[in-house]
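For reference, chains read A, B, C and D in written order, and residue numbers begin at 1 within each chain.
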Amino acid sequence: MKQVRIGMIGYGFMGRTHSNAYLQSPRFFPTEHRPVLKAVCARNKDKAEEFADRWGYESVETDWRELLKRDDIDAVDICTPNNLHKEIAIAAAAAGKMILCEKPLAMNSAEGEEMVEAVEKAGVANMVWYNYRRVPAVTLAKQIIDSGKLGRIFHYRANFLQDWTISEDVPQGGTATWRLDVQAAGSGVTGDLLAHCIDTALWLNGSITNVTAMTETFVKERVHAETGEKKPVGIDDACAFLCRFANGSLGLFESTRYARGHKALYTFEVNGQHASLRWDLHDLHRLEYFDHADESKVRGWRSIHVTDSDHPYMGNWWVPGLQIGYEHTFIHQVADFLKGLDTGEEVHPTFRDALETQRVCDAVLNSAKQGNWENV
Amino acid sequence: MKQVRIGMIGYGFMGRTHSNAYLQSPRFFPTEHRPVLKAVCARNKDKAEEFADRWGYESVETDWRELLKRDDIDAVDICTPNNLHKEIAIAAAAAGKMILCEKPLAMNSAEGEEMVEAVEKAGVANMVWYNYRRVPAVTLAKQIIDSGKLGRIFHYRANFLQDWTISEDVPQGGTATWRLDVQAAGSGVTGDLLAHCIDTALWLNGSITNVTAMTETFVKERVHAETGEKKPVGIDDACAFLCRFANGSLGLFESTRYARGHKALYTFEVNGQHASLRWDLHDLHRLEYFDHADESKVRGWRSIHVTDSDHPYMGNWWVPGLQIGYEHTFIHQVADFLKGLDTGEEVHPTFRDALETQRVCDAVLNSAKQGNWENV
Amino acid sequence: MKQVRIGMIGYGFMGRTHSNAYLQSPRFFPTEHRPVLKAVCARNKDKAEEFADRWGYESVETDWRELLKRDDIDAVDICTPNNLHKEIAIAAAAAGKMILCEKPLAMNSAEGEEMVEAVEKAGVANMVWYNYRRVPAVTLAKQIIDSGKLGRIFHYRANFLQDWTISEDVPQGGTATWRLDVQAAGSGVTGDLLAHCIDTALWLNGSITNVTAMTETFVKERVHAETGEKKPVGIDDACAFLCRFANGSLGLFESTRYARGHKALYTFEVNGQHASLRWDLHDLHRLEYFDHADESKVRGWRSIHVTDSDHPYMGNWWVPGLQIGYEHTFIHQVADFLKGLDTGEEVHPTFRDALETQRVCDAVLNSAKQGNWENV
Amino acid sequence: MKQVRIGMIGYGFMGRTHSNAYLQSPRFFPTEHRPVLKAVCARNKDKAEEFADRWGYESVETDWRELLKRDDIDAVDICTPNNLHKEIAIAAAAAGKMILCEKPLAMNSAEGEEMVEAVEKAGVANMVWYNYRRVPAVTLAKQIIDSGKLGRIFHYRANFLQDWTISEDVPQGGTATWRLDVQAAGSGVTGDLLAHCIDTALWLNGSITNVTAMTETFVKERVHAETGEKKPVGIDDACAFLCRFANGSLGLFESTRYARGHKALYTFEVNGQHASLRWDLHDLHRLEYFDHADESKVRGWRSIHVTDSDHPYMGNWWVPGLQIGYEHTFIHQVADFLKGLDTGEEVHPTFRDALETQRVCDAVLNSAKQGNWENV
């Protein structure tokens, strides 16, 4: 058994999902490398201690620079708002730490490039938490596409629909709502939600070459959560774009936080010459599959209940028919990361993979600003 | 072109569905024999004339005995309440008329036997309107089962759920609500709804050997629609039964008019060794199919959109993807009846087929009364 | 009873749906005005006669100019390929005939303007067969939106997905596949499919102000059905566009004939401040509705089975729970047209309404060609 | 913080689900009482040690009697085959241990009665792992019913369908397949699957008064997993029953391991005067709800995505829209058990609750044997 001593920076929603994953992974996916929850770092010492107590971290830090100096930390997990990713990641790389960074990688691709350069120069293991690749149904989609069952791809469409900011009373900024503050988040739904859609799309369907996009901010001013001051909203509330992939297929993407009735409806669909696939996060344990090779009279969309032991990751969980949930995507990612350390193989998405997503995001935001097609 | 001159008895809901079917059949399913709407018969002359005008019947009668005497009537369509089926059918057979009789065939199997004897002795074409056999998805189910894809059958379950009599204010008796009057209907949901489920089951899965049943009348007294008098309710509001089929499979049937939220939810499911099927009337254009022979990773219930040109009856309608509805089941039945006249082949369900359903209904009602298993 | 004597031009798929509608409308939706199938016109006399026989037209013509000269024709129904709409419609208007024209109105909006001018100058009743407005679930969506239940609209998305031209062996041109011939059709999926989506969108959500679009032709050359010659394909196989509506909402539209697994999947979704709606043509009898005003613990998307007697058009059909199908949309349109003649009220969509759709189609195709945002 | 030192007996599938629950509960549902994984007991020492290592148990035992003697064990968790429940539970009660026992409580109700007497006499906290009560959607169903929204209940139906024993090659007996061995399991689907359905039904809808049942063993002989000897199969492969509830409603229950296409399809539906509910385990995060009080035009079955923070248990997990899975039901049960220790309130289902389920199971099996209605 080899320890991977974790230093977690941040204690919010993502801090919880990652901490849970470190604890659960060894029980369900045994690896030689095992995570040890060494330290959690947050400016607010009380909150950090409460978090450490809850999750079993051995110690707390209030300054991430101090955390990076510690010899008993092997890997740094960056769960801060987006505007801190770059500085921490570059320092962590310089300190020789492995890095697990929340998505999106950076505020923009210029930052992302510096970060990629830093980790590659330092030669440290690095990974970005685009967790949805590891929903078993999504991984199965990847396997099906890679098997060639779809043939030539014609269409890829994805959206990520939420409804939690419709009320004008939702503030911007602060701990809980920093995602509405352009200073902390860099963008709105584009970096927060579309980035997930883009990461999956690049993984399943290859590079995007060019885009044309549209953004909108429906609520123009919001109170700041900490100052109480009403200020213009700088983020995109909604964003949609058309694109072309390098393989000749057409793409359609949309995200919003104003789609009443949808909480976290990430969906995608891929249409190929011979077969099609679709999936949605509200029923994440199912994959819809249509195969034109089926006998014509009994052809139809199949609803695959992705819970059988030969489905990705599922052999390590319960028995067929019993579903897992959202948190398991992080457990799978930790498991794969640790297995990568065992075998020496790189685990994706790396910083470099995530940089590609960042470039698409930049092109999308630029296109929306300028009203033209933009090359990635 | 050979005329089949129709004399319709009754002008209610079923009178409409049948009349529409006679008119539509030749346009979509051309046959040598063509129906001609010769006469409609009802005690109320004004209603009969209004109906004749709407649907294009050439004449009206107010006494069905007079109708049977007419030389210009080839076929009699019995759309009266159940308590009149026997007398009319036997007289019609004696008059040498073809007979198309609404379901259930009779008030009970004793009546049914007389009717079968009459039509078989007279040698007249006869058919009972168990229309759901001719939903394209149901006919497809029959084809799939007959192909052997399911292998040995283990389970058959069906139900027919409605909610229109929950209110105590719904009356019994009269033109619109005779189905709640045991004198006119013979039974409640058993003859009205379960009879459909049983007819399909016998067709798809063979004979039922024995049953154990339970009935309930939730609302004990209702006002009579015509007299206004409050009287005990004699019908079964709900009925469920377990049974065994001759092929060794187990059956489970249920029907009620007290299932809030369901209007006409007729569903069935068949589980075989290799494959399973399920269907419901609320989405009648779909058939669900699971085939264990599919490659395991991409196995799942298929939702077959039964609208392709190679699906039963569908090549004569529109184009793939465009659904048909309820009324088309009657059109298909007329089309098949006429094609049977063209070719001389018997068209099912005949009176004899329907008698078998009646026998199961009798066994069900007897079992419910006596609290034991009853042989069919 | 007042006769409306119909002269039908064309005998293809749409000729059948319209003829059926003329025959069925009076039986289910009685009006003072009643259609009489007077003549069908087609260049091929044999086909015209066969069609007349099937549907009960009293006579045939082989030259539409002759048809227009006849005094016994009150209304002309144009079911030809798109490239003939303009000439026939203008001549019919000049002849004082009512006009029912298949969609899209014209090859482009320049043609459409001439047509609108002609019918308005002539003062003849005119209507375009955008039949999907009259799916009961779609009409219900309109009623719900008009009631204000949705509040401010944020998003409108629609697509129309098919898969019938994936094979390179599908020809272009000829009677059955003129929709792939740019000379006859004017465009591909834009005029054929997106036009439906746009018509519904304008009806439900108001004007579209500007668009950015992308088109693709996946199969570059196809054999001509009549000449056998392989020629470049001029139509758009797929088209997607982003747009903004005058009410401030964002739109997303897509259509293709290369979406494996979908036959006629026309879907739309509308997200408002308080409620959302979605619908698809593959289950056309259902409307999905989410109402944020519902008590929070039991809030969810409702699947409305649009078959109750208080749902649009449904009181004239069967009983609750029993669905109707595709063909009924045309019956409803005829019924409304006839009722409009009874009352003198204009029935929509008129030529002028359809011209607005044509303008959006033009902007879409121009944007796709030029790669920029285009005003409508 | 008060420790509850757990002694786990058994290390199979249920041993894993419970162990996980003890570890996860304190992190998501903090309580004063906290479980400590003290010892795991199994006859096979290697397996016990491997299990202890994986889950963090401090020690192992190979004889459950030794475990019961230990002073450092507060609570015993019985995860053995059913035929050992009684002896262990009675001994554990005598030793003053709290008891958490897997379901079904016992081999039959006679055993169950002894066990209830033992725990009640000893005054020890006791609970049975009918985990499905604590699926958030099922708990929500309970809240909705208790609120009175459904009014008088007319119908309750449930089934539990699996397909894993269709092959004749599945053995009986042994560690993995003891559920097919009547000596170890007592019954087949009745105790294994229907017991779940009955427990939920009693909880949601009150007592069952009488039943009529049917069982079947489709595969008559199976090889024993350990001896290799082919022997008659003593369990019921399938069981269905009709019943009446004390509240006047009718029940319909079915379970089988021969329903091709279903892995763990536990479903139930409740129809009340004003509203109905349905749920299934294959999409456990959803509850379907129909409320007749909704405005008629927009009435429909609601699909409640039970992931909002005001839904049972969900406030302690992630954010709205993100689903949890099967294992969480056990976590909730542990959390409630511990909270019960904090507050002193009894936590259900207790042994006494589970005895009621056992009595229904006995009546079902007796009825199936004797072919009559049986009182509970």
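The rule is short, and it goes like this: a residue touches a chain if its C-beta (ideal position, glycine included) is under 8 Å from a C-beta of that chain, and two chains touch if they have at least 3 such contacts.
As the structure is a prediction and not an experimental result, all values here were calculated from the model.
Looking at chain A and chain B, the chains in contact with each of them are C, D. Under the contact definition, chain A and chain D share the contacting chains B, C.
Ranked by distance of CA centroids from chain D, the top chain is C. Centre-to-centre separation of chain C and chain D, using mean CA positions: 55 Å. Chain B and chain C have CA centres that are 36 Å apart.
In terms of their C-alpha centroids, the spacing between chain A and chain C amounts to 42 Å.
Those residues of chain C in touch with two or more other chains are numbered 262, 301, 305, 308. Contacts from chain C toward chain D in the complex involve residues 140, 143-144, 149, 287, 289, 291, 294, 296-305, 308, 310-311.
Within the complex, the chain B residues that touch chain C are 13, 17, 20, 23, 27, 30, 54-55, 162, 164, 262-265, 281-286, 305, 307-308, 317-328.
Chain contact summary for the complex, chain B toward chain D: residues 150, 154-155, 157, 161, 163, 166, 212-214, 216, 218, 238, 240-242, 244, 248, 250, 252, 254, 256, 258-262, 271-276, 290, 292, 301, 371-373.
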